[in-house]
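Please see the structure below; I have some questions.
Going by the order they are written in, the chains are A, B, C and D; count residues from 1 in each one.
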Amino acid sequence: MLPDALSGRWYNSRTFDPDDPWADFAPRSAAVVLVDLINWQAHRAGFSARVASGDYKTARCENVVVPALARVLAAARDAGAAIVHSRLASRAVDCADIVPALRAYVRAAEAWEGNWAAEPLDGLYSPGDLVVTKSGSGAFGSSDLDQVLRNLGVRTVLYAGVVTDRCVLLTAAAGFDLGYQQYLLTDCTAAVTAGDQAAAERLIGGYLARPVTAAEAVRAFEAG
Amino acid sequence: MLPDALSGRWYNSRTFDPDDPWADFAPRSAAVVLVDLINWQAHRAGFSARVASGDYKTARCENVVVPALARVLAAARDAGAAIVHSRLASRAVDCADIVPALRAYVRAAEAWEGNWAAEPLDGLYSPGDLVVTKSGSGAFGSSDLDQVLRNLGVRTVLYAGVVTDRCVLLTAAAGFDLGYQQYLLTDCTAAVTAGDQAAAERLIGGYLARPVTAAEAVRAFEAG
Amino acid sequence: MLPDALSGRWYNSRTFDPDDPWADFAPRSAAVVLVDLINWQAHRAGFSARVASGDYKTARCENVVVPALARVLAAARDAGAAIVHSRLASRAVDCADIVPALRAYVRAAEAWEGNWAAEPLDGLYSPGDLVVTKSGSGAFGSSDLDQVLRNLGVRTVLYAGVVTDRCVLLTAAAGFDLGYQQYLLTDCTAAVTAGDQAAAERLIGGYLARPVTAAEAVRAFEAG
Amino acid sequence: MLPDALSGRWYNSRTFDPDDPWADFAPRSAAVVLVDLINWQAHRAGFSARVASGDYKTARCENVVVPALARVLAAARDAGAAIVHSRLASRAVDCADIVPALRAYVRAAEAWEGNWAAEPLDGLYSPGDLVVTKSGSGAFGSSDLDQVLRNLGVRTVLYAGVVTDRCVLLTAAAGFDLGYQQYLLTDCTAAVTAGDQAAAERLIGGYLARPVTAAEAVRAFEAG
């Protein structure tokens, strides 16, 4: 690891304090960004659970992610933060608007805007939240998320979603280079295996986004 | 003006021929991009007609743009080109997702996704068309239009819409720097006055997009 | 024009005051962005003057733009603002890094990085200024200008350069959709004819960037 | 893993063949993108080796990456592919153009354009190569790399560089969402430990970029 003097604004923090992750947290310029917490990706009856990545991810979403995240979202809304749902879904009959590698996958999942597959998991969406549709893996790279956050005046982002070492990682990666101050809500994310989850937290926590728990985030929003 | 040798790929044409605007036109890698041809911007009962820019624009949309563009769209769909509707509309109750300068304007127009205000003018939309929502003036600068066109394999764009010297200009301007080969469908665009329209055609036609008529475009799609 | 209530944040002003263009001006989060004020574009012995657009533009640069802008730059540097020079220039022997439409033009001008053609006009550059190389017409669309300005903490941009209704317009157009609060330094810009200059000021002044003079900007930087 | 039918264009391949990674490889629309193979990041006397990540990375660069990559670059140049060096370096005295989290790090490394620190490792650069300067971690997210590749007509990218699970990963991640067909030159990349390298190859190889060796790439360029 680098000496403290060189990693002093790690995660694009304005005033980095290794002992206080929330030193300069301002809820009104923060957003919780949800990545693919939608039925085809994260519901036990969804496409992903049926054909690809199995029980661990879905069970973690149901038992850990949704209850923890619901508390974060409630606190965030109360504190005046923005909530943005990003979702991999198509607007074209043949899914030709989707990045080539993922096109057959999205089509097989029937993840068109308006379908159940593309809807947020129960308990996460509330009127007033924003929804952006992404055509690829990372939300910044494949939707207008950055433009929306700029207009909202957001400077700080907390990430939740699936899959931790795929779409969540790609979103946090791009957000880092865009200068956002970043947090990873560790217990609001899920990977395909527990090992992948641990590796992803370590990787993202390296310098991209500061790992925090949902409980810590709730306290920060309440204190803000 | 520049010598021919220096302007030989003007409008990002691959093989520029001053006598044949369609020398290398390939309908299957082309898209017609509509800019703000939606009710609040272009309908005679829409917000813009009521408070701001008056009769010329609305009448031109009704009498010239819609009939001419409908023919282009039919030919384009038959030829396998993509149709993308871009529209200035909000996804947030308070319109805070809109670029600051236009926020009050969009809110006063009640141009939320799902409202009549944000719907395409009658006669332009067909199932299979794509719709992108923009948060600002230019469609490339304020939506995910570029990502969608890349995924669709589009290299050539034909522009239609309002206002010629505002949102249409900004869209064609950004498309130029993105390397798209570009056409302006002159009689499928409208400005606030006839003088503004003429000036905008001259400006855009300078190097950004080749001015063509709807009738010429129809023939090109049919020949493609 | 729109009622005041609807154009109340025109030019992305945070607090728009029709009588005070500088109501919320903060020099330390401002940048002066120069567009193509480089030898091949704006010097009387440069390529552009030789082959294309003639005496008016070059004479205006020499007699009006450079002296006025030099005063703005001095005041801006004293006030802690950033200065960014953007320039259309190539980094490739065959200019294949340039947008197709402009490739032959840049090559004929011998506008490679390091050549006299690509250097700023005398009297404008000072150590500490930043330089970005653009591969197309608009500086946001064809360089990393936005990333640089974000990192610098810039929220307000003042534009100078050539050609007012081409590269300057395209830069201000994209900056608008990116949410920057914007000013056009009218007497620090030049077009090919006086008529084009007047039309461009009207067009850009419509909603993209607030037209101000160099003298007004100097006072604002000194007051800041 | 997904059924073949759903991962059939993995890595954005146009015609994915699990047994032939080079089925549709076209050298003239390909580029080798080098990430941070510059002295302060990868040389044994460079800043990174001195203060942060130690012997494994530097030794691997010297003994494995540079010799293997030099062969790839020679074959790529002969085949008409583009070579683009991307490097984390500053153009500002105070490094304020760098993304906040990395600013102190770049400044301590004295990685300004023109310094030895910011120069490519010996044996990698050749006249005719392109160089882009990045202000953050991922080359697409923090430089004009995408614009340059678009103008060059590049559709396929092969990645080399350091650090495999940081700047290389972020670059490949963004390139994926931009639709590039992607390869990871495994023995032309280095991480801080052998374990990190293996994990990064597995992560990137999951769907972002197809892992291949330098020897395989040389054969593909020679066959192209």
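Here is the rule we use: a residue touches a chain if its C-beta (ideal position, glycine included) is under 8 Å from a C-beta of that chain, and two chains touch if they have at least 3 such contacts.
Chain identities (UniProt): A, B, C, D = Cysteine hydrolase family protein.
Quick caveat, the model's predicted, so the values are computed rather than measured.
When the CA atoms of subunit A are superposed on subunit C, the rotation angle comes to 180 degrees (nearest 5).
Computed centre separation for the pair subunit B/subunit D is 37 angstrom, with centres defined by C-alpha atoms.
Taking each chain's centre as the mean of its C-alpha atoms, subunit B lies 26 Å from subunit C. Averaged C-alpha coordinates give centres for subunit C and subunit D that are 33 Å from one another. Chain contacts: subunit C has residues 99-100, 103, 136, 141-142, 147, 151, 177-179 touching two or more partner chains.
Chain contact topology: the protein chains form a complete graph, every chain touching every other one. Touching subunit C in their complex are the following residues of subunit D: 82, 91-93, 96-100, 103, 127-128, 130-136, 141-144, 147-148, 151-153. Here subunit C touches subunit B in the complex through residues 1-3, 5-14, 51-52, 99-101, 103-105, 108, 136-138, 140-142, 165-166, 169-170, 173-174, 176-179, 199, 203, 206-207, going by the rule given at the top.
For subunit A in complex with subunit C, the touching residues are 147, 150-151, 177-179.
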